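Heads up, the next two complexes both have chain A, just with different partners, chain B and then chain C.
Moving on, here comes the complex of A and B:
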């Protein structure tokens, strides 16, 4: 009798232990990567933001709040507000374009779908530098866009369309759009076609069905896509630098000015810490808002 | 010192220099300079003459401009691994490197040609010399002659009415401070105090309606000039000359108040042990022969005194001007760089 319970006990413990070992082994590498590649630099950034900046030199280790006090000037706050407005604007427009695009691509025949996806993937190989300078040529006074607008009678005299807020916004949307379409594609391709069909049997128009039935089902992925765009674009640097006026400059440019022009690396670090904190705050707020008053997780 | 004298020094140096790995009897010097046209012209036209004169072999490396390079060099030097024996550094970075104990302090004795350089092109502290002027570059007034008539001869044209959105100007606490101070405030000394800086900045702010582009990277301004997006502005004279040679309609003007001359210094990281070879190179670069090569082949303004140079007026006019240049006020930048940059950024983005 005493032998019998002993056997299953051994058999029970062993696989679980093996599973744990395998799991730990599998997780060790990503955990190590996360620690080394994200937490360590973040810690160094924090440390640098408390350092002392030597005028005409670089910095000396210290523990002072001088740099954070400098962040409270109206210019930095204005630039921070602008950066977030720009990023949220980019998110709203790009998701609004990407969602129907992904939906219609997912409803195409297999071959057309593959063609579209390959095309979108191949546009990802263009670097932001290339895109921004192409926009500069496209929007210049002698560029194709201005010529087209003149031919259509929408523009009376040839003048370039940059530097301007519109140029910055358009270029950012262009840069993120393929990512967002590809991001939304899996979610929309799994949508059950019977649900909109049911809605239309009950008399809803296709547009109405799309807006009131289909879109709410994929609310989660849409929100994630929007947040992803905000995270990507809030720190944007090159696009506003090349296509914007100084009024359209973002925190990224402020950080670069502090670090590279004045050599004030502690201030640049403090600005970067502020940017990361604001971003974390925004993510927290979104999670809280989407968590309350919603049945979806 | 003539070429024969140089050759003799070089021979001597080569004989007593430590042997580099895989090197022969002569020493080897790794020299970095700004990548692109400049580094190419130096390695094609200047280094071979030095190698022939001294027997010291030069390995040319290209270096980026900007603070990032300095930060990497400081770290590499701490580890005893500076990737070159000599590099070019702007005066601001010479100062930053000095505070980080980066540069070797030179003994002036072997630098027999140092007297050829005007004193402002030698970076010196109480401890000694840590940078010697390598080459200059001008920031001049460039205009598209198809769009700007008549061709201006003064910086005041930047402020003139009727030029709305015409110019591309140097942003980021750049040399507009010097241009404005010289043009409207009698000289760059006004930048020595914060009050003076604010007065000059007030005048720069009047340029905002006429400015379409505040450029930081020269590539941005290049595209704007090539596309006719700006009618002109403030730009590097040597890059503008290259653009002009490639067909961009450009006129390079050295205004009557002077163009701004900025310059880089030869600096040696402490972890480099090739002191004698570096001295020989710096001494060579201060000779009229080397400076003439810089003017003729590298298209950069020579830094040594003009009377020592054997350049034809045409050769001289191609890279420089008889109008006295405006020197960058490095003293002001050492004391007030943060203030100048912060206020400048506030001014342009408000």
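Moving on, here comes the complex of A and C:
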């Protein structure tokens, strides 16, 4: 009797395993970039924040908390509080403007929508430097804004509108607005038009519908947009430096002064670490707020 | 009039007239279906009734009071949308209580009403559920309960069953009809499903090209369609080109046929003869009577409960549906003799 050789087994390939390999391969490059360009600098910053400050802009590696103790200085705390107030104010106003703008754009005819989106995208090509100096011209004593206010009788004598808190706030809102409209556009365009109509047939006024139905449904994107603005503006440097008074200066300018003027790199690093930590905390708070109580459609 | 009255309502979007001079009277407590193909203006008409669109022309009155310019949040007609439009951030109970809060009902009254409505739609103890946790049929019922919460004078439903599977759709149709009969509420249902309209409505308004083509009871529309559009849209119809000889006689090819008496159209004009497939009787050559035409069988389809016989009659395609017990067993190529009963032959404008 001859043994019949068993058929060679065809190697079985697990599709799930293949998917994992492909996924890992695709994620490897972004993960590498994230590590090299974000985590490594952050680690170096952290290390520097615990270093000992020597005279002449020098520092020696150490593990001391001296720089963090300096953060309890009332002046720094005041600047930090102001920075967050400015950033949160900018977030609230820009989201309040961007949400209805995105809503109305998303309800326009397709062609008008595309025109608006192209216009908004094109405004992103303007650098912050250009915008800030344009605002300087616009708000100057001989600028268009002052002339317009005088023509309307809202200003008795021509004087520059900057440096001022209002100028800083207005410029920051202008800078972030196109980003926020574009950020909210996808979420808003997916809103079912029947939902506000349903609220209306149940006796709700347009304002009540917006407050109790529309806004809560897009609470997540609204909070994310607000958080994005806070992240962008809390460390803003150029706008308050050019358009603000020293009391309107932010934590970004404080860090720059510590590093460039005083030459205290460990203090600047500690201030930066504190800023990042506060932002991480804010991120967690926003995540919790947007997740709690919300129900998937 | 006690009920809803629509008079000469027109609505245009740009150059397109979505609703064109529509007039309709709906008595209190009646269940009406707006039936028509996509784009015929039925949803626009319903949205105007709800107050979500403003008519370009014409008036809408409720119990004799003009409500044409009244906004939706003042009319408060309960409406179930095609997408259901449940509020995803609210629970089932909160969805139902939305209108009750606006009415100023206190927590105890709201709770009682929520329980009552959830029992009515057979969803007891679902108050705390999130909308996302419900099945399609349950969502449907919550949407109905929410629309009924404010005790609306008119109940509007815009293709509410279109997203449901066939079995659930039939169940929901029966439930809704029973509910409407129990509450005796004036109800308007928009649908493109003629079976749904036929099985649920007291009356049907068949819509086409922004106009009401015919309004009447389901059976009367089925038996006596007013025009070719209705004959084609409601069930299957054989439409044959004929020449009118007098009010009761037409010529179809070489055949002279007697038809149901009609005041229109006038003699010697071209018209269309409409007859339902189930009204055509297939007879043997020896049983020939009046109104019989000879046709060639082109195709036979045995559906089990019925037999579909496709025929070529004087160059026109004809369909006859017969009971299996009445079927002679002829095949394609055979000659069949069709009897077209006079009272089932309707003459429509060409």
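Everything that follows uses one rule, which is that the second predicted complex is superposed on the first by the 272 of 297 C-alpha atoms of A that agree within 3 Å, B and C clash if a C-alpha of one lies under 4 Å from a C-alpha of the other, contacts with A are read in each partner's own complex, and residues count from 1 in each chain.
To be clear about the criterion, a residue touches a chain if its C-beta (ideal position, glycine included) is under 8 Å from a C-beta of that chain, and two chains touch if they have at least 3 such contacts.
No experiment lies behind these values; they were computed from the predicted model shown.
Once the two complexes are overlaid on the shared chain, A:138 sits clear of chain B and of chain C alike. Note on chain A: of its two partners chain C and chain B, the one contacting more of its residues is B. In the superposed model, A:56 lies in contact with chain B only, and not with chain C.
After overlaying the two complexes on the shared chain, residue contacts for A:155 are found with neither chain B nor chain C. Of the two partner chains, neither chain B nor chain C is touched by A:117. Of the two partner chains placed around the shared chain by superposition, neither chain B nor chain C is touched by A:45. When the two structures are aligned on the shared chain, A:242 is found in touch with chain B, with no touch to chain C.
By the touch criterion stated above, A:262 is placed in contact with chain B alone, chain C being left untouched.
Taken together, the chain A residues at the contact with chain C in this complex read 192, 194-195, 197-205, 208, 213, 216-217, 219, 293-297. Chain contact summary for the complex, chain A toward chain B: residues 53-58, 75, 79, 133, 136-137, 140-143, 160, 163, 241-242, 246-247, 249, 254, 257, 259-264. Touching chain A in their complex are the following residues of chain B: 66-68, 71, 74, 92, 95-96, 98-100, 171-173, 212-214, 216, 220, 223, 227-229, 333-338, 341-342, 345-346, 348-350. Only residues 50-52, 71-79, 81-91, 98-99, 102-103, 130-132, 146-147, 149-150, 156 of chain C touch chain A when the two sit together in their complex.
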